[in-house]
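This structure is in structure tokens; I'll ask about it shortly.
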Amino acid sequence: MTQAAVPDIRARVGEVLLKNPVMSASGTFGYGLEFTPFYDISLLGAIIVKGLSLEPTAGNAPPRIVETSAGMLNAIGLQNIGVERFVAEVAPRLADAGAAYAANIYGRTIEEYESVARRLSGVPSLIAIELNASCPNVKEGGIAFGSTPEGLYGLTRRVRAATGKPLWVKLSPNVGDIGAVARAAEEAGADAVTLINTIVGMAVDHRKRKPVLSNVTGGLSGPAIKPVALRMVWEACRSVKIPVIGIGGIQSAEDALEFLLVGAAAVQVGTANFRNPNACVEIVEGIRNFFIREKIARVDDYRGRLVL
Amino acid sequence: MPINRPRFVHGKILHNAGGGIFYRMEVALPDRIEFAPGQFAMVSGWPGNDPLLPRPLAIFRARGARGKGTVEFVYKVAGRGTALLSGLHEGDPIAATLPLGRGFEFGGEERTYWLLGGGVGFSTVFPAAVFLEQERSEFEMFLGARTRDQLPPRDWIPGGGLPGRVHPCTDDGTAGFFGTVTDAVRDRLDRLKTPERRRLMILACGPREMLRSVSSLALPLGIPVQASLENHMACGFGVCWGCVTEVREEGKTSYRRVCKEGPVFDAREVVW
Amino acid sequence: MTQAAVPDIRARVGEVLLKNPVMSASGTFGYGLEFTPFYDISLLGAIIVKGLSLEPTAGNAPPRIVETSAGMLNAIGLQNIGVERFVAEVAPRLADAGAAYAANIYGRTIEEYESVARRLSGVPSLIAIELNASCPNVKEGGIAFGSTPEGLYGLTRRVRAATGKPLWVKLSPNVGDIGAVARAAEEAGADAVTLINTIVGMAVDHRKRKPVLSNVTGGLSGPAIKPVALRMVWEACRSVKIPVIGIGGIQSAEDALEFLLVGAAAVQVGTANFRNPNACVEIVEGIRNFFIREKIARVDDYRGRLVL
Amino acid sequence: MPINRPRFVHGKILHNAGGGIFYRMEVALPDRIEFAPGQFAMVSGWPGNDPLLPRPLAIFRARGARGKGTVEFVYKVAGRGTALLSGLHEGDPIAATLPLGRGFEFGGEERTYWLLGGGVGFSTVFPAAVFLEQERSEFEMFLGARTRDQLPPRDWIPGGGLPGRVHPCTDDGTAGFFGTVTDAVRDRLDRLKTPERRRLMILACGPREMLRSVSSLALPLGIPVQASLENHMACGFGVCWGCVTEVREEGKTSYRRVCKEGPVFDAREVVW
């Protein structure tokens, strides 16, 4: 029982082999470079950059965020610099930093999705495209695609055809049957599914009698949603054969291990970065230490080993 | 190495006590921090995930030597997070990301400064006063409060001993100037001679309405105003895009992050 | 502006007029009598008793509960004394205590629902029947009915025909379109809809590699879910004309007011009773004081007055 | 009016300090409470909703007069909630619902008692010892710990001065009996004469495994065992059905609420 002195914590997501199973979540990690004062970003499994669109996007009017119990609502409205500037200015610097990175993308139409995917396909250092079919904030955004298996199937198939990069489809939790939606993505050719995106929520000011967010509703993230995310990831793992990337409320290595335990191939860490900018690397370290302590040799010796 | 670019650090509370309606907290840190007046910290460290997000607090003062430092914050209880901070004791843990944001920019030697602090906004401008005092620059301070009891304690005020330098303003006239900071500024601007105006620069922190009205007085006179804005923040270091404010540049408006491009903005650019 | 010295905080839910808009939520208030050491239970708008079934039910094996961030998961499995014992032993004592009370009911089949509803129809002091079409815990339970508009329509129509009591239908939040489900209940003849029930979640022990709950999944309740509940109540209010009873994470008068503000006719308080047994009456008092302070004369002067 | 049936009260911490691996906290309450040994409180009052649920703690001691009372708890840091409690200071607020549950039942005058406390379980049986001492009943105590340092501080033990009355048991033999409480009980039972056995009653609190094994020793000898169970609880007063344990009565099993029908159960009924 001494084999696991230095565990191998590399994680495989389809054809992509990650240094470790910990990625930063889109929209909570900027374009990655913002974290270089805190640590060496090449230490992460991967960085998923802020959702990119064809054109730069201004986003919603403030207020865009509000805290809730153990969570937060955001309605950023996908403010971003656009795919061109990302490819020209950011991608080379991420590559220079030695970071593994994927691009989260969205469009207002299928054609826009295709264009963004095509533009990114030529970036050699990009490891994958993550299709955000679920952002509940922008009215003309992903919501129509991600909320039914049919809509998601159609979108995924088209983007699948538009790019040779590994395609990860990020699922909305605002559905009745997450397994059915995950299967639709799988059937349409996704290489992996990522879940969950934020749950649609709302906050109002009972004195001013107004919504707190200018967008009225926003997406709930943070520890509050972890039990829901874990259940959905578990259901998705039992519904599809492609890898499942687990996300939602992860704050610690223990949380991340829970997602691996129910079957996730890797995890993403979002809101936790805000309170603790070192969250992602601390989670990598925590997983490594757990594997050492418990003498687990590699991720697949732990992953999906939930005993019912 | 002193902490002069954003770092996430764990500290321990040395003191945390009230002074009037304000609290002042000093935290021991693993190293000395170097900061520009107007920069801030994201403060957390309480047990549990509720409140979840850290709270932005201006860096009021920082001291220390190699491998050992302290930072001070001054705050008012505004809601759950600050109420929680006010209940912490000596020895309790605190976590902070700091120093963050773009602080005040100072002009050439010939400049004179008015530092405006509305409410707890003084905590942001006091470090500027300390800096200007070190530089032997000329400055005056206008401190606004609703009533006498809500002014910062006198012994916290840098250069508070110098007569004529600090102008308390109270809405109800119970101390100092009878009226708001904006009223006092209007008053003084009216009496200012052109050469004095030319040298003047305003650094301000306080309620948005105060910043707006002061800007609308000073900017038309060609007096530069640097306004430190306060928005709700999730991260504080530019990665969530939650804290934006609208700015106008070359005729076009866009959303800028208060935590990254700010909190101090050139008042001409802010869409009030 | 002095009219509101003593505001009228009575709340109307269809034909039922409540003393105030605050009810205790089913499953978190026992059979009501357990609260008599704490306060006079006739002070509440209404008490909704623990979900009743045709026969006494043993419930799930422990562990049945686990705490999560600002929430808890439960998989009680609807342990209850059965409708007969409730009618014989509990109902008279609730009536004696002067309490307004409604019965939450469930069945494993439509026929069982009908039988429970019929049995309760003859209890004069019972103000309403609340149909739990949403409990996610018992495999043979409501989940099939509550998760699609069609299923819910069928169930509601049958129970509607079985009882002359006001019928409130309690909705599951584990659906893609809460408005559609609320409309189905309305069309089938419900007098009101109650939402939200718990959101399906999961907790695992990463060290023991086992689910924490014997039932594997459980229902998430508490402040963690408030933003989701508030959004769904808001959507339901815009989807149906019948009254909407708001529930989910309410801990304080401020929280309750938020639900009224988005349009709820009344609210229910669940998990909050556990930490503070006085929660319900404190919320009644808090609403009254807010109305006095803000000079609001009656509930309808505040309810649904959200300014978008 | 003394608090003798469940009430939700707000209090303030008077002391909260460690003793070995345990903490002892005294809280000032609006009134004196009357409780039966084995009864407990649901303790909360920290800021925020995380942790959300109150934590069950045995009532260790209660004092006071009309309109003024205190309650004491003894606890061990087991997780987030108790860690949070251990960080609270004098003057901090605490809320509690108390007294809750069914405590120990005492037999007639002729009875002698063995009180078994495994780990922090002593906090539940100590009040029984205090009661028996007042009643001048005969009792002995067996206190189990992994090692010497994990035994309760000597000066907390009621009647701890009387030689032969308190039997510390350590798994590693570093103090008192070398072995578990169960081992010690087995040892003593073997040497007990029949009349002594007839008078004996066991009151026990500790890990479920200890309660189970002690019961399997004592029950076949006709010695009644009252076992105080510890389950995770949401409400503590019988309304959530979250805390159940399986019991057997007249051949049938059913789920009983540990907080309401317990926490003290007749060990014969418990399905271990």
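Letters are used for the chains, namely A, B, C and D, taken in the order the chains are written, and counting of residues starts over at 1 for each.
One rule holds for everything that comes next: a residue touches a chain if its C-beta (ideal position, glycine included) is under 8 Å from a C-beta of that chain, and two chains touch if they have at least 3 such contacts.
The structure displayed is predicted, hence computed values, not measured ones.
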{"item": "Most remote chain, CA-based centroid, reference being chain C", "value": "B"}
{"item": "Chain A and chain D: spacing of chain centres that average the CA atoms, whole Å", "value": "47"}
{"item": "Centre-to-centre distance between chain C and chain A (centres being mean Cα positions), rounded to whole Å", "value": "34"}
{"item": "Separation of chain B from chain D, taking each centre as the mean of its C-alpha atoms, in whole Å", "value": "53"}
{"item": "Multi-chain contact residues (two or more partners), chain B", "value": "48-51"}
{"item": "Set of chain A residues in contact with two or more other chains", "value": "69-71, 222-224"}
{"item": "Category of the chain touch graph - line, ring, star, complete, other", "value": "complete"}
{"item": "Chain D to chain A touching residues, read off their complex", "value": "48-50"}
{"item": "Complex contact set, residues of chain A against chain D", "value": "69-70, 223"}
{"item": "In the complex with chain B, residue positions of chain A that touch it", "value": "27-30, 34-35, 37-38, 50, 58-59, 61-67, 69-72, 74, 76, 79, 222-224, 251, 271, 273-278"}
{"item": "Of all residues in chain B, those that touch chain A in their complex", "value": "5-8, 42, 44, 48-54, 95, 97, 231-246, 254-255"}
{"item": "List of chain D residues in touch with chain B within their complex", "value": "46-51, 80, 83-84, 87, 89, 92"}
